[in-house]
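Next come two complexes built around chain A: one with chain B, the other with chain C.
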Partner chain A sequence: MTGGWKLALRNLSRNRRRNLVTGAAIALGYAGLVLLGGYANGNEGLIRLSSVYLQHSGHLAVYARGGLGKAQTKPAAYTLDAAAQEEILAALRADPRVEFCGRYLLGTGIAGNGCKTFPFRGLGIELDVERRILSHPQLEPLRDVARPRAGRPLPDAAGEESPVALSVGLGGARLGKAAVTGREAAVAPGALECEAPDVKARIAADPWVQLAVQTHEGSFGAMDARLVSLFQAGTVDGDQAGLVAGLDLFQRLYDTDRVTYVAAYLHDHRDTAAVARDLSQKLAAAGLEVSIYPYDDPKANPYYVGTMETIGAVVTFIGLLLANVVALSVLNAMTLAVLERTREIGTLRSLGFTRRQLLGVFLREAATLAGLSIAAGLVLALAVSAGVRAAKVRFQPPGVGGTIPLVIAPSAGMWVGAAALLLVLALGATWVAVRRRVRERVAKLIVEVAA
Partner chain B sequence: MAMSQALIRLEDVHRIYRLGETEVPALRGITLELHAGEFTALVGPSGSGKSTLLNLAGCIDEPDRGRVLVEGVDAATLADDARSRLRNRKIGFIFQSFNLVPVLDVYENVELPLLVHSHLSKVERRERVHRAIDDVGLHDYARHPPDKLSGGQRQRVAIARALVTQPILVLADEPTANLDSETARRIVDLMVELNQKRNVTFLFSTHDEKLMARVGRHVRIRDGRLDGAASGAAA
Partner chain C sequence: MNAVLLVGSLLLAGAAAAPDAGTLLRDSDRARGGLERGVTWTVAVVATDEGSVSKSSWLIRARGNDGLAEALGPPRRKGEVILFNNRSIWWVKPGLRRPISISARQRLQGEAANGDISSTNYARDYEGTIAGEEDVNGEPSWRLDLKARSKDVTYDRIRYWISKKRRLGVKAEFLTVGGDVFKAATFEYGNRVRLAGGEEIDFVSRMIIRDAMGAGNVTVLEFQAPRAETHAASVFNVNNVVR
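Our next item is the complex of A and B:
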C-alpha cells in the first residue's frame, strides 16, 4: 500500500488537542524513564566507586579459598601467606588492565581508652595504596565522603608512630575521643583515674588508644596506637566498631605476615569479569587455591549489591507506572479515534482496504505520534540532565558522612531502550484498540454513527 | 435485451439481522442479475431491504443463505483479503453521506482506492485521478478539502472516487437523499451521462419518484422481497 504514512500523518491533525495530550504523556513518560534510568545509572557509578575504592573491595578481590567466610575465625588457615601474595601481585601487575593493587588484613579485637574497652572490626591497609586511592581522579565526586570527619587522612601520618583511624561511633561516642583531631599535643600513655572528675576531658585530649587482639597463632597481642582521624563508615556496624590502620601495624598486632585478601583496581570496571577469569586461570596454573570475587558479588560486597537491588526495585516500580500511564494514554486516544472513525473504517474497507492495511494506517499513526513525542521527550530529558549538571546539585544520603553529587547519566542503551519500549507500548495499545473494530462486518461499520 | 453473462448475480439470497433474541429478516430469498451497461434503480420504502441488497451486491456483507456471484465467482468462497481486492477492482461505492475522508483533499480522496492493490505507476495514477475528477466536473477543486465543498460537489467527489478504479459496477445507496432537488437532478444527470458515454453499470437505491422516471430499469423491493423487475435498456 502506498500513501499509508501520508494518511497517518494527516489523521494526526484531526484531534489536535487530544493528540497533543497523548503526545505530552509519551514525551513526559520517555523523559521520566530516561531520567530515572540515568539517576540509577549515576548512582550505580557512585556506589561502585564508593564500594571499590572507599570500602577497599577493589574491582576484584582475591581470597584464599574459603577465606571470605572463615578468615576471621581461622586466620592461620584461610589467609594468604607471603608466597601467595607475591604470586597474586605478580600476576596482577603483569596485566595491563590492572591499574594498581593492594593487600588487606581484616581483624577483630578490642579497643580501649584506659577505662573502657569496646570491640572493633579492623582493616589493615597499605598506606601508599590508600594515598593513591584518595587522590584517584575517579573519586572526585566522592571527595567529600572520603574526607575524614575529623583529623587527617591516615596516609598523611604514614611516618608517625602507630597511626590509626577510628569510626566516629567507636572513637567518638564509645571511647570518648571526639575532641581528638590528630593535631593536639600528645600525652604520654599512662594509667588513668577512671573515677576522677576530669577523666572524660583527659580521655578526650589523649589521642592514644589501646588495642588488644588474639594473634593468628592464638596468643595475646596488644599495642598502643595513636588516633589520627575519625571517619564515617556509612553502615551501623562500621560506624560502631570500625578501625583502619596501616598494614604493617596490623600485621605486627596480629603477629603475622599474612593478609586476608588482595584487591585489584582496574583502569576500566567493565574489564572486571575478563580480568577475574584470566587471573583465575593463571593462579590455578600456579597451583594457588584462591577464590576471586568481583565487586558485584553479593557475598563479597553485599553493600553494593543490596543498594543496587533496592534502587533497581524502586526504578523498576516507577518505570512500570510510567510505562502504564503511557500505554493507557495511547490506548485511550486510539480507542476514541477508532470510535470516531468507525464509519470511515467501513468506507475504507468498502474501497478495498484489507484489515491489515487499515490496522497499518492506525499503527503508522501511533508510530508517528510516538516518534515525534519521543523526540520531544529526548530534548526535555537532555535539557533536564544538562540543567542538573550545570546546577551542581549535591545532597547527603542517610548514613553517609558527606555530600554526593546528584548525577543523572543515562546510558546509550537507556535512550534507545526507553524509546523502543514506549514505541512497542504505543503500537501494542493501538493494536488492542483497533484490532476488533477492523474485523467487524463492513456493512455494520458503514452505518455506525460516529461517536 | 440480449443477456450477456451477469456481472452480479444474487441467488435466493436471505439476510437476517439479529437484535438480541429477535430475528429481523431483511431479505427473503432475492434473486437478481445485473448486466454490463445497465442503469438500474432499486426502489422501495424505508426498511424494505434496499441497503442490505446493495451491501450484499457490493460484497461488504454476507448472506445468511443463498449466493452472491461476481462475474461467476461465489463471493463466499473468497477470503477476506481477496474480497477486499475484488471490491477494490470491480466495485465502486457511492454513499448517501458521501463518506469522504475529511483530512484529505479532493485529489487525495479520489486517489485513495488506487493506493491499495494497485500496480499503477505514479504517473498512471495521477492521470486516472485527474480524468475521474474531470469527468465529474471538479477540475478546479482538486486541492480543496471536502469541508470547503457543497453537498453536490462532495457527492461528485464520491462518484469520481467510485469510478477511478474503472469498476465493472457502481453501487450507490440513496446518492441524492442528502441533496436539494436541483443538485440531485444534476447528480443523476452525471450518472446517466457516465452510463451512456463510458458504459458504467450503475445500481442505485432511491425513493425519489422524479428520479425514477429517468432510469431504464426499476427493481422494486418490499419487505425483503422483489415485487417484480422491470427490465429495460440503459437510459
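Our next item is the complex of A and C:
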C-alpha cells in the first residue's frame, strides 16, 4: 500500500461517526439500486415468459405481409395458406435454435347461450403445442397464472367433441356458464324459455355454447362448442371477450385451412434477433411475402413493450433519487471534512505537497469509503434477495388471475454497473467539495483557520 | 257557403302538401312486407364482397313485425332459418343445439345486415320528420329524417325518401352515430300483391344495398312471387322454429 492510501485510511478513522453515516448511505443506496434493478430484471423475465408462452406471441411470430393489422378484417387476403405454413414450419424446424413452433388463427364472432349472445375475440391453437407450453420448465413461476380458474386445461380435452375455453368475464359473467362438463344430459338441446325463472340455472348447467362467425369467404358459420374451462385474461377488455379453442375447431368454424401466424419458441430468447434475421432471408429466398415480429416489437406485442417501458420509467426515477441521496451524502461529508481540515491542508501545502497530491488524498479517502460501503451494500443486497427467495413471496398483479412470485434477480451487469455509478458519484462529489479549497493560497488557508 | 268551400279546399290542399310522416312510413312499410295478416315471397340474394360473388335464395314469410327466412340454396345452407321476431333476430342452423340470437352489432355485417335492412319496420322503430322534397331518379319524393325510438335498433338515424305519388320508399341511407352514411339502399316495386279484401298494392321487387364505406360491396335482392297469406303467430315462435 502506498503512502497516499495509508494516509486516506488513517484519515477515514479520524471521524468515524460521520464516515459511518456516509458509508451507510452509500451501502443502502447500492443495495437499493441493485435490488431495484433486480426487481425490474425479474419482472422482465416473468412478463416475457407470460407474453411469449401464455399469450402465444412466441419469441417471434411470422405473419403474411400486412397480416398483423389486416388479418382480422380481410382474413382471406392476409392470412397464411397451407403451403406458406409448411414453408415456414420447415424453415423453423431446420434451425437448431428453435425449440418448437405453433400455428395460430385469430378470429372474432359471437358466442351464445341459447338466450343471449356476446362478441368474442378468439384464438385457435394447436393443442399438442399448448400442452408442451403448459409443461415447459421455464413456466414454473407462472403455473398459478396458467392454471384455469375453473375446469381443466384445454389440452386435457383433446380428442373430445369441440372443446373450448372462455374467459371468466365472457363465459362466467356474460354467458352465465359454470364451466361444467359431463352434466349436459340434464339440459336437452332446443330453444330455451328465456323468460322462465329457472333459465339461469339451466344455462349454468349446460356446458355447450354456440359460436357464430362470418367465415373467411363471407358467409355465416356456426357450431356448438363444449366449455371445458374458464381462464382469466390479462386485461379487463380481454376478459370480456376471450375465447381459446383448438385450431382444427376454429378452422372448421371459419371454413378455412389458413392461419393468422406461426410462432416460434426458442431455446434461448437472446437468439431471437439472429433467428428472425436468418428466417427472413430464408423465406424471402423462397418467395414468401411475410413479416416477422420478435416478442419485443411494440406493434406485435404492446403488452410486453408497454409494461417494460412503465417499469423502466419507475425504476429509473427511483434509481435517480437514490443516486442523488448518495451523492449529496458524500458531498456533505467531504465538505465538512475539508472545512475541518483546512489548517491541515495549509500545513501540507507549506511542506511541499502539491494541490494534485492533496486532491488525491481526499479522492483516495472517498474511494476507500465508497469501496467498503459498496461491499457492505453487496452483502446486504445478497441477504435481502436470498431472504425474499426463501420466503417465497407471491403477489397478484392487477388484471392477472393468479399470483406470481416476487423475483429479485440482479444481473452481473447490475452489480458492477451500480458499483461503478456510486464510485463515480462519490469521487465526483469529493472532487467538487475539495477542488476549490486546495487551490487557495497557503497563507490564506492558515489565516482562515486562525481567524 | 263559398267561403266554407274555399277554406275546406285550402285545408285539403294543405294536407296533401304536408302529409303525416308516420302515415307515410306505415304505407311504405306495407310494400316491403309489413302486412298485418301475412305475406310470403322468395328472394334471391347476390352479394359482391371485394370481388367475390356469393348467391343464396330464401323463402320469406312475414306477418306484421315478424319474419321468417328459410334458406333454399345453396344446398349446403338448406335448412338454415333466420327469424325476425319483433326486434330480435334468431339464427337457426341444422345440427346446432340452440338458436343463436344475433346481436345489434352483428346485424351490421353480412347477411344479417341485409336481412335487417330489408325487414326494418320504419314506422315502429323510428320517429320520422319530413325534412324536404327531392327528386329520386326523376320521381318527386319527400325526404324524411328518421331517428331511432329506442337504443336497441341497429341504426341511430336513417335518411329515407318516399315517392309523393306512390307513397313507397325509393331510397334510404343508414347513418352511423357520427352521421356518416354507412349503407345505402334503393328500392324498386315491380311486384303486385292482392290483399284479402281485394285491394291490390305495389310490392318490392328489387332492393340494392351498397356499403358506403370500405370496398363498396353491393348486395342485390330480387323479390319474387309475393302473395298474401295468413300466417299464425306460432310460425314466428323461436321454440317452434327449432323443433
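Methods note: the second predicted complex is superposed on the first by the 437 of 451 C-alpha atoms of A that agree within 3 Å, B and C clash if a C-alpha of one lies under 4 Å from a C-alpha of the other, contacts with A are read in each partner's own complex, and residues count from 1 in each chain.
The working rule: a contact is a pair of C-beta atoms (placed from the backbone, for glycine too) under 8 Å apart; a residue touches a chain by one contact, two chains touch by 3 or more.
Here the structure is a predicted model, which is why all the values come from computation and not from measurement.
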item: Fit-or-clash call for chain B and chain C when the two complexes are aligned on chain A; value: fit
item: Chain B versus chain C as contact partner of A:Glu193, first or second or both or neither; value: second
item: First (chain B), second (chain C), both or neither touched by A:Gly114; value: second
item: Which of chain B and chain C A:Leu380 touches, first, second, both or neither; value: neither
item: First, second, both or neither for A:Ala205, with chain B first and chain C second; value: neither
item: Touching partner for A:Glu217 - first (chain B), second (chain C), both, neither; value: second
item: Degrees between the directions from chain A toward chain B and toward chain C, using C-alpha centres, nearest 10; value: 140
item: Touching partner for A:Lys74 - first (chain B), second (chain C), both, neither; value: second
item: Superposition-derived minimum Cα distance between chain C and chain B (Å); value: 76
item: Residues of chain A at both interfaces, chain B in one complex, chain C in the other; value: none
item: Residue ranges of chain A touching chain B (in the complex, touch as defined); value: 1-4, 6-7, 10-11, 13-14, 343-344, 346-357, 441-443, 446-447
item: Of chain A, residues touching chain C in the complex; value: 74, 76, 110, 112-119, 189-193, 208, 210, 212, 214, 217-220, 222-224
item: Chain C residues touching chain A - in the complex, by the definition given at the top; value: 47, 49-50, 52, 54, 56, 77, 80, 91, 93, 95-103, 105-106, 109-112, 238-239, 241-243
item: Chain A contact footprint on chain B (complex, rising order); value: 51-52, 55, 58, 60-62, 80-81, 84-85, 87-89, 93, 95, 99, 101-104, 108, 111-113, 115-118, 161, 165
